[in-house]
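For clarity, chains are labelled A, B and C in written order, and residue numbers in each chain start from 1.
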Amino acid sequence: MISTRRQFIKISGLGFGGAAIAASSVKLAHGAGLFGSDDDEQFNDLKNKRFPTYCEVCFWKCAGWTHTNDKGEIQKILGNDKDPHCYGRLCPRGTGGLGMYQDEDRLKTPLIREEKNGKQVFREASWEEALDLIAEKFNKIKAEDGAESIALLKHGTPGKHFEHLFEAFGSETVGEPAYAQCRGPREAGFAATFGSWIGSPEPTDIRDTKCLVLIGSHIGENMHNSQVQEMAQAIDNGACIITVDPRLSTAASKSKFWLPIKPATDIALLLSWMNVLIYEDLLDLNHIKDNTYGFEQLKEHVRNFTPEWAYNITNIKPDQIRKTAYEMANAAPAVIIHPGRHVAWYGDDTQRERAMAILNGLLGSWGKRGGFYLKEGFKLPSYPHPAYPHPKWTWRDLAKDYPLAGMGLTQEVIRASIPEEAGEHKVKAWLVVGTNVKKSIPHQDLVNRAIEALDFLVVVDTMPMDIVGFADVVLPECTYLERYDGIRSATNREPSIALRMPAVPPKYESKPGWWIAKQIGERMGVGEYFDYEDFSEVLDWQLQQIGSSLEEMQDIGVKNLKRKSGSLYFAEGEKVNLPTNSGKIELYSTELAAKGFDPMPKYTPHAEPEEGFYRLIYGRAPMHTFSRTANNPHLTDLKDKNTLWMNPKVAKLWGFETDEEVYLKNQDGVITSFPIAIRVTERIRWDAVYMIHGFGHTNKKLSRAYGKGACDTEMITNVKVDPIMGGTGMRENFVTFIKDNGKGTKA
Amino acid sequence: MKEVLFASGRNIPNVDPQLHAWHWPIPVYLFLGGLAAGLLFFASYYTIIGKEKEMPAVTKWAPFFVPIALVVGLGALFYDLTNKLFFWRLYTTIRIESPMSWGAWALMIITPLSFLWIASYFKEIFPNWSWKFDFLEKIMDWVTENRKVMAWILLPMSIILGIYTGILLSAFNARPLWNNSILGPLFLVSGLSTAAALITWISKDAHERHLFTKIDLVLIATELFILTHMFMGFQAGPSVQQEAAFLLNGGEFTVVFWVFVVILGLVFPAILEISELIGYKVPVAVPAMLVIIGGLVFRFVMVEAGQITRYLY
Amino acid sequence: MRYGMAIDTLKCVGCGDCVVACQTENNVPFGYCRDWITETIDGTYPQVELEFRSERCNHCENSPCVRCCPTGASHIVEGGIVVVTADKCIGCSACIESCPYDARYTHPLGHVDKCTFCHHVRDYKQTTACSAVCPTSCIYFGDLDNPKSEVSMILKNRKFKDLAPEAGTKPQIFYLI
């Protein structure tokens, strides 16, 4: 949708100021001289240097070593053996991370939107000018509407620098797609049961489990590094894997039981499992008595949810339901009903996650070996800065319709940016960093209207993603390989810290996120919150406080610390004391009841596709992180577009063959911008089609990603919002296939 | 349904989706090599048994095609190399297990000898020809006197040249269409046949023409017999070979193979040649040209189809 | 000393890490690959089987590519590893035609290239780039002649197959099934 107010500007030929880079499209071998041998000394690591870093290609943040060759170029990135996120093995995206650095399509200079001959274009600008303009606009909005009206939409490590900046100048209006569009429902569901969030990485003790149950989770296609590694270990140990998925995912193909469930009926299956476990006496009643609250209510609640009842709804035979329940009971407490990660599906997702949490609670896996370990993190002391001011309103006020929302809801920030939709709090400007909101947020209609209405839009990114074309000011950030960032300190079995340091200087005119935040901060009068010249000073100070130093971390990369919070697991027979209202595992959720929601999950049928339409389901590929890697040459070599998985029966019905291209049209009449190639495969049900998310890019400057595949976000116009925490369910969208998209372009 | 695909985006030029590493230069060379081999075989045989005077086309005129064919053929091969600067490495070693190495060395011997052969006839054809240098005159005189020595060398070498191209292909056990032991003799016979056809075309002597028409007929019959044998071998072989045979016998190469190679390249010329022998007036160029073109098309079909056949996927 | 691999298809998720790691370790040009992932699916929904395989040059014992090379560029070094000496290769593509696994390709610089079992790093890192990076640790690399090596032990304990045995090249990569 092209708005007259803010036109999408195709970045063509601009942003190429700065050092000219001769990017040849063929990477050639070193040392293949006329009389040279094929034993090439350049690969002798003893001559190369290595710098510690942690990966930014996805949120797993595996620590690794960036190896440079004797020309100072990045040769390869290997994992850090001591890192509990990756154990020395990076995933394909991390291994291919140097492609982000080498990508000649990168943003190179700051860009400012201006009107020229009636058209809106970007012109290159100096950092001074760009930063001055941003500060001027932000200061103006702060004076007129309040700092709260400036919103931050973020993802990843650079987001932390800008969150600090925003809190410094008085705004807590923040949102990240990773919450409401992704894992939000499971945090609310598990918190209502066990009193704490799942968090990242998930504290699932997969390597020691005897039974791993995946509800739609596609470990192996999602490359959650240590989860995949541990699943492989579980396979080696002969663990039983049960996968509930309408599609034969990779994990399903390695499962002892694959339950090819009818989409949108998972809660029925989960309830019937509870029925079997309870009524066939498969539970440890001591554990139930000592550690749970609300068993009697639950028992009554699931009385009629028999496997026979579930069979009608889910298409899974009763004996399969029973067999899998027996497997889980046998393995208990070394059983994991995996919470999944992207769980915003149908709008009742918190309740589905509640059902999964209840099953874990019944089987006693929380805090047990082979179930969920008791994770521990490490909080580094904050670099000293003045206290943050108190904003008059925050993201909480925007999310007040959703009682259990634990983080900013992006769609509410977006809604508040549209004058007709906003409530009493209005958002006037955005700073978007590290997230391509044109692809990550469903209901693009809302996003487009918001972008149109904003007074000012700043985008900080490394690549010319779709959102960049709508910015007023574009700031090129350098990649993670070229900068310092905060110390990584995530929760795990043992706490650990990891250092990120630059292996090469920033390319072109790009700058690190911390520098950009500091520069804006100084221009907005909050320079005292950035009392350092280089971010390495902050890191050194923090590390000195805990008995380490920047020098030590530069040498070792990762430091594993001792646990302080007690044992990794509850002791045998130990009575749990959890941060819930009752102190126990809440099978009946007092928190949900208090807020007026169902204290125990119910099955509600969801909409089904009409004739000729198919449910659109989407997922990940192990070699991509959606938009972020869609242009990375190493990874486009592996997969450069998505395809539409279609059951052979459906293909026969429509007369389609593999590699044939079609446009998708959804139930609201929206048609995809680009066609997609069909893959006829037995791996998918006949009532659904599947595609990988993150393709179909519209920015021509992404030379390897432009026009490749189709964008599923365009098809997600029917958003089912979870009333408990505001999650945006995306799987109730149905598509049909057309050859002619009505714009004169035939597939 | 069975689905096999590359999940890592593999798309190597000339290998995916189907192998196509050898392009037109290879069948061109195979054809020219076979033709040259046949011409040299007949030339040296008839020289050895002392029939040079009676067979002028065979021993004097036809050999003029040999250096041209070899130079063009080798030029095509050189053009096909992807690492041309290192071509001389071929001549730094002999690898017994590599038919291509035999070929390289055989050509190393045959090519200069074929130049010498036609050079030895220059004085006969151009009476005023002089070799300019004294030592050259002496050498050429000796050569012309002792043409039989060259013939004795060229006789086995020409057989090697004719047969090694087939053996080269049949040594690729990865390509089911080629991997049969009949291919060597088949290529040799085909080469001899094209040579015989060329000789009938250029010969001005009726007796010579007649003889070689008969020889060509025998060779065509032999070729048809070997082809039948080859197909029977495919049918009796593993499924990959049956699929390979299907390419020629029902698949995409059926028309080209049966029409241009078998009917127009073998059967029809044979009929024409028989009619000629019986007494009908047939323009000699027609069957000769058909046999020669048939030989070329046959090489193209074998090289193209062979690369498509495979064991995996 | 004979190097070989055992690759566990039960663990391989087809992520392509082995492909990227090989690319950055060995400077494989974009558009080419020394190893690749093959996905095979059989059956009818919902009785479907899926197998992922990480494939590469099998460093065959009876290697047709070494036999047919006219210059000796394609040769076998210690451990049975098949390598190509770039400046002896004339680019005749005979070896490419002779490989039943399509493991070889013509490098943009002109010579023929393929997996070398990372033999350039053998001194200090006893394994290959792909084996070292695989997140599921499904690639076992080692000495098949040593009965105590990890790869020999796992082949003793598990069922396995090799690819296209009827091509007769005696491949040294075995897929655990």
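Here are a few things to note about the model shown:
Keep in mind that, in the parts below, a contact is a pair of C-beta atoms (placed from the backbone, for glycine too) under 8 Å apart; a residue touches a chain by one contact, two chains touch by 3 or more.
Note that the structure is a prediction, hence the values are computed from the model and not measured.
Of the two chain pairs examined here, A-B and A-C, the one linked by more C-beta pairs in contact is A-C. When chain centres are taken as C-alpha averages, the shortest distance to the whole-protein C-alpha average belongs to C. Note: centroid distance chain A to chain C, computed from Cα atoms, is 34 Å.
Remark: chain A and chain B have CA centroids separated by 64 Å (rounded to whole angstrom). Counting only residues that touch two or more partner chains, chain C has 14, 16, 19, 31, 33, 41, 44, 52, 86-87, 109, 111. For chain B, residues that reach two or more other chains under the stated contact definition are 1, 3, 8-9, 85. Along chain A, residues 34, 623, 637-639, 681-682 each make contact with two or more other chains. Listing the residues of chain A that touch chain B in their complex gives 34, 623, 636-640, 648, 680-682.
Considering their complex, residues 1, 3, 8-9, 85 of chain B touch chain A.
Of all residues in chain C, those touching chain B in their complex are 14, 16, 19, 31-33, 36-42, 44, 52, 64, 67-73, 86-94, 96-102, 105-106, 109-112, 163-164, 166-169.
Residues 25-30, 32-40, 43, 45-46, 75-79, 86, 88-92, 95-96, 98, 220-221, 223, 225, 228-229, 231-232, 235-236, 248, 250, 253-254, 258, 260, 622-623, 633-635, 637-639, 647, 681-686 of chain A are the ones touching chain C in the complex.
Within the complex formed with chain A, the residues of chain C that make contact are 10-11, 13-17, 19-21, 23-31, 33, 41, 43-46, 48-52, 83-87, 107-109, 111, 113, 116, 120-121, 124-125, 132-138.
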